[in-house]
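There are two complexes below, and they share subunit A, which is joined by subunit B in the first and by subunit C in the second.
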Partner chain A sequence: MKKIVLAEDNSTLSLLLKFRLEKDGYQVLIAEDGKKAIELIEEHDPHLILSDIMMPYISGLEVISHVRNKLKKQMPIIVFSAAGQEEMVLKAFNLGANDFMGKPFSPNELVIRVKRLLSI
Partner chain B sequence: MAKSEDFEKINFSELLLNEVNLIVVSSDEKGNINYVSRATEKIIGYDIGSLLGKQWWEKTSISIEEGLKFKEKICNILSGEIEVDPKPYERKLKCKDGSYKWIEWRDSLSENNIFVSVGVDISDWKKTEEIKMQSDTIINNVDSMIFVSDKEGKILFASPSVEKMLGYTESEILGDNWWRITYESEHQASKVKNAIYNYVFYQTKDFTDISKRRIKTKSGDYKWIEWQLSKGVNETYISIGTDITNRISSEIELKEAKETAEKSLKVKDEFLSNMSHEIRTPLNALIGFTDLLLESDLNQEQQEHLETMRNSGEILLSLINNVLDLAKLDSNKLEVENISFDLYKCLHDIVKLMRLRANEKSISLDLKIDPNTPKQVFGDSTRLGQILLNLIGNAIKFTNEGSVVLLVKKVGETEEGSNIYFEISDTGIGIVPNKINTVFGVFTQAKSDTSRIYGGTGLGLAIVKKLVTLFKGEIKVQSKFGEGSVFKMNLMFDKDETKTISTKTNVIEKKDEHLGLKILLVEDNKTNQLLARIRLERWGCEVEIANNGIEGVKAAQQKSYDIILMDIQMPVMDGYEAAKIIKNDLSKQIAKIPIIAMTAYTAKEDIEKAFEAGMNDYIFKPFDAKDLYLLLNKYGNLKDEIDNKEIDAEEPIKIEVQQRYTDLKFLKQETLNESSILKMLIELFIKDIGEFLVVLDNGLKNKDWDLLHKATHKIKPSVSMFGISKLEPTIHSLMNKFAKEKQLEDVDDLVGSCKEILSIVKDELLIELKNLGNE
Partner chain C sequence: MIDFQNFTEYFKQLPIILKIIWVLIFLLSISILGLILYLKKLRINLRANEKKFVKFQKIYEEILINYLYAGDEENKISTEQEKLINKIKREIKSKFKRNIIISVMSKLIDDISGEMADSIILFYFETGLINHSLKKLKSNKWNIVASGIKELAQFKVTDVNDEIIKHIKHPNREVRNEAQLYLVGLFHFKGLEFLDNFKTPLSEWDQIQLLETLQNFDNQEIPNISPWLKSENHSVVKFALKLARIYNQFDVIDTLLELLKHENQEIRVQAINVLGYFQDTNSKDFLKNNFVNASEEEQIAFFKLLENSADSNDETFILEHIKSDVFEIKLAAFKILKINNFEKFQEVKLIMEDEQCIEIVKFLENN
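Moving on to the complex of A and B:
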């Protein structure tokens, strides 16, 4: 079973996404902030990372940078952005994010993007 | 000495032979038996003394020829013509009880030329061998596939039927090949292996279906195989597979047929509902304009023509209603009303309406009401009218000369109600005796050519019968062919002691009373716009017209109206949507304008939808001028009441119920309607709301804009997920203000309205949780 770490501070959104992804056979580990996300990534070495850009303590950008530069891991990363965060999305891509989704997004679309990235 | 030693030797051998279960016979050169061992008696039952000499052959051979053949062989051996064959052979012996025993024989020739044959009883072994052969034949000939596999699932044995059924040869499937060939993936194969292992050896079942499977044959088609599994010997298991492809495909066909049937039934319902809408709309204009014309100055002839026109319109309308009613009756959707009405007036109205038709055919139509009949009763006057119109209409249709009589009287009374008897008799063609039992069926007219001469849909009596049943009444028919028919019906009506005259009569008398209301008419059909405008203006109303929902909403927001008449089906934005927006308007002045739905959809769900959208009442198209007047009068007066009493206890509550802040459509869809996950989401969000409200307070107190920005950002996705569209702009602008720390002057107001909405949201969600818990 492929593992996904999901970093998102909105608990309802993360629960909904966890539910949907698990329906499609993924194991989803939820982190409510960037710090927890990094702990989970180091502990479980997931196949894919989903991360909100703006999070308490450690932002999504810092998570990407940690994964790519410190851990030297190349698993796909999808970031979530809110309106008005276009610059941050560009930074995220520069740091090594593979895809982004603007909030609000359709969970269905997310599942499809995840599948696509994991099947390459 | 030597002799006695010999003798002892012989004695010893004799002893041995007696103990051992061997048949030993010896023979002289003529084939006569001169020794038979004792054990022989135990095996074949004959006393050994009775077997000596020729008797051996006579008694133990299965046939004379067979005995002679062996006797001859012995003679030939003893005479030296042929050599003795030391190889064992099998020969049956006949026992004393008539049964046979299989004996394996070994012949030998002693040095002193004595022929000795030793036989062992092999009957038991022979029997097992036969059984084995039996089962081999069975295995080779059955249609089912038989496999024997070891604990790991490796196939050890496969019956020849496997090749017949699937096309794979034994060597192609033995061992692990079976799993590789017939499964798409190794993962799937090992899952099934495990499930079988657990089932056979531990009697535990998991979710993997091992009872049947679709298997690809060598030729590439698929076959459905049903499996029976059982434990075999030595840690093996046996699987028996039967081809159930035919059964499965017929099951699939059945399922498909069922789905198609259900679908076409739904299509039929939708078609009926749409057709009724499509026909009602133009009919509305036809009847309405005829009415308007009838009110103008006309000469006698014009008046009559228009009345005929109106009558035809009414008949067409009742036909549509009949078809719809039958459909509703069939699906048990029709409901019975129970309101007080004037029975006498109802009967007179019906007879008056039908008398027009009777006059056309120059027959008389009489109404006889027994004086004991109660005047005011509770019941469904519309449906009673429908029953009587059908019965009288039929009577007139099938009568060419003479009369039709409607007789009404009370025949029984209980505390609650009266049993009223209706009799419709005619002097018409009557019904042939063999058809009298089928007249209440659908599409049956007494004779198949009846419809050619008399017309009609053949639905009338079927509807009557169903309606009468719905009223828990009874209807019977008596008829003499050529002389006429009598329909006898009993219906129960609840008593109504009040002697009030129904409001309807009042209104008709005050038909042209001035209403003087400001009315917004939202309607896309130009003809109906014109009709309604003229009608309303005659009542002294000021009418403004909007062509669709959007125009309607705009108009309602710009000007104040007393009443909004709202069509349901309109392009761009339909009536439900428009009503929702108007009823949700922030201005209480606008939200409280009564909205009356004008709908050609008569289904209960459509009306419920209108109420859900916040509409106050409804009227069906084509509408009766009187009914519309009644509604306008009611809601026009209501307006004054609301104006006078600003604090109305009921009104605000009603509006609150209608205005839902949350819309769980998205979440229900995304959670694939699994209420458990939806419940968790709602619970989480309620918790988040609580936290958010605390953060809002603290943040504002400390002017901690960063904290506030993060909190609004965090809650924002939930706001859109829970469909709280009212809150979205507020949250969005708050988030921007907090992020930029600019234009903070109206933050307090925004936070205030935000808190207000969230507290209602919380209540709504708690109700939702309760409902989910009840499911």
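Moving on to the complex of A and C:
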């Protein structure tokens, strides 16, 4: 079963995505902030990371930087961003994110992107 | 007992001023103790409420998500969804629980789109939560009215705009702001019609929020903004100037030229900036003739405009102001000269004695 770490501070959205991705056969580990996300990534070495950009304690950008530069991992990373965070998205891509979805987004579309990245 | 008797006798013998001090000390001590106990109780209650909130939030999150995934393709609402709706109908009788349910739904509706977002909106209608939002509009408290409008906007209740428009002139800024966001959020540019007769100030923050909301829409067809540029409400004019620039409203150039004579300096400056952005040349003669009487901000804005539209006819004017006392004007003048007539720039450079001008020239030569 492929593991996904989902870093998102909106608990309702996390639960919704977890439910949706588990229905498609993925194991989803939820982190409510960037600090917890890093802990989960180090502990579980997931196949894919979904991360919001704006999170408490450690931002999504720092999570990407940690994964790419410190852990030297190349698993796909999809970032979520709210409208008006275009600069942040560019920074995320520069740091090594593979894809992004602007909020509000369709959970079904997210699942399609997850499947595409995990099938490569 | 003896101690108490001694104390009362001692107290009776005291001078009046000391008696008052003792009584005050006693009363203050009692008050502080009472306040400490009250704060302690308040803190315990808050903690308990927080725990209760988290507990119910988890329950309602699960119910909402179960509802979202319980739909079937045959019916608009499946039997399973019907059960969950009925459960929530019972829960929302409690104000505390109702607020939690609304906050859970609000958190989700802001972040998702598509079929699921539509399904949440249906849930909002079917559970009767909409009636509670509508009731809030009748409240005497401004914060309740504002939250009611916000909910109606979030869950896209379009058919109550007549009710919302009544609050567009509300004495409280927050209520006005929510009403504006409702109209623009649901009716896009058409929602801006409230500006036609808007008398209250539209704060900078209100304007930013409106512009941000407008940018989220695919249809960017903007109505005629000329009437807003002519509004007696200065904040509406400033907002219309922002719209003119963001949505490239070249059709309103004539109205922008009229604004160069506006009584408000900020508007005049903003109009020059927009004309500069449009690389307009028709305003140059008026601005040159009026330059001496213009404020420093207008003069700087005019030189910024010239950076975009200056030609050889402007050279004399630029040379006249190359030694201006205003740094921004001096810098712009040299920049224009360098781009439009490099030979003249070299010539002027040699006769410059002013330290600041020499620094500007050096900077421009290296950049």
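To be clear about the criterion, the second predicted complex is superposed on the first by the 120 of 120 C-alpha atoms of A that agree within 3 Å, B and C clash if a C-alpha of one lies under 4 Å from a C-alpha of the other, contacts with A are read in each partner's own complex, and residues count from 1 in each chain.
Just so we're on the same page, contacts are C-beta pairs under 8 Å (C-beta built on N, C-alpha and C of every residue); 3 or more make two chains touch, one makes a residue touch a chain.
None of these values were measured; they are calculated from a predicted model.
Novice: Looking at the overlay on subunit A, is there a clash between subunit B and subunit C, or do the two fit?
Specialist: Overlaying the two complexes on subunit A (C-alpha atoms) leaves subunit C and subunit B clashing.
Novice: Kindly classify A:E109 by the partners it touches after superposition: subunit B alone (first), subunit C alone (second), both, or neither?
Specialist: Only subunit C; A:E109 stays clear of subunit B.
Novice: Which partner does A:M54 contact after superposing on A: first (subunit B), second (subunit C), both, neither?
Specialist: first
Novice: If we overlay the two complexes on their shared chain A, which of subunit B and subunit C does A:L15 touch? Say first, second, both or neither.
Specialist: both
Novice: Touch check for A:F93: first (subunit B), second (subunit C), both, or neither?
Specialist: It touches nothing on subunit B or subunit C.
Novice: Counting clashing C-alpha atoms after the superposition, which of 8-16, 98-106, 188-196 or 332-340 on subunit C is the one that bumps into subunit B?
Specialist: After superposing on chain A, the stretch of subunit C hitting subunit B is 98-106.
Novice: Under the contact definition given at the top, report the residues of subunit A touching subunit B in one complex and subunit C in the other.
Specialist: 10-13, 15-16, 19-20, 23, 83-84, 103-104, 107-108
Novice: Which subunit C residues qualify as touching subunit A in the complex?
Specialist: So the residues of subunit C touching subunit A come out as 57, 61-62, 64-65, 68-69, 104, 107-117, 212, 215-216.
Novice: How about subunit A: which of its residues touch subunit C in the complex?
Specialist: Contact set of subunit A toward subunit C: 10-13, 15-16, 19-20, 23, 80, 83-84, 103-109.
Novice: Spell out the residues on subunit B that touch subunit A in their complex, using ranges where they run on.
Specialist: Going through subunit B, the ones touching subunit A are 667, 670-672, 674, 677, 680-681, 684-685, 687-688, 710, 713-718, 720-722, 732, 736, 739.
Novice: Can you list the residues on subunit A that touch subunit B in the complex?
Specialist: For subunit A paired with subunit B, touching residues are 9-13, 15-16, 19-20, 23, 54, 56, 82-84, 103-104, 107-108.
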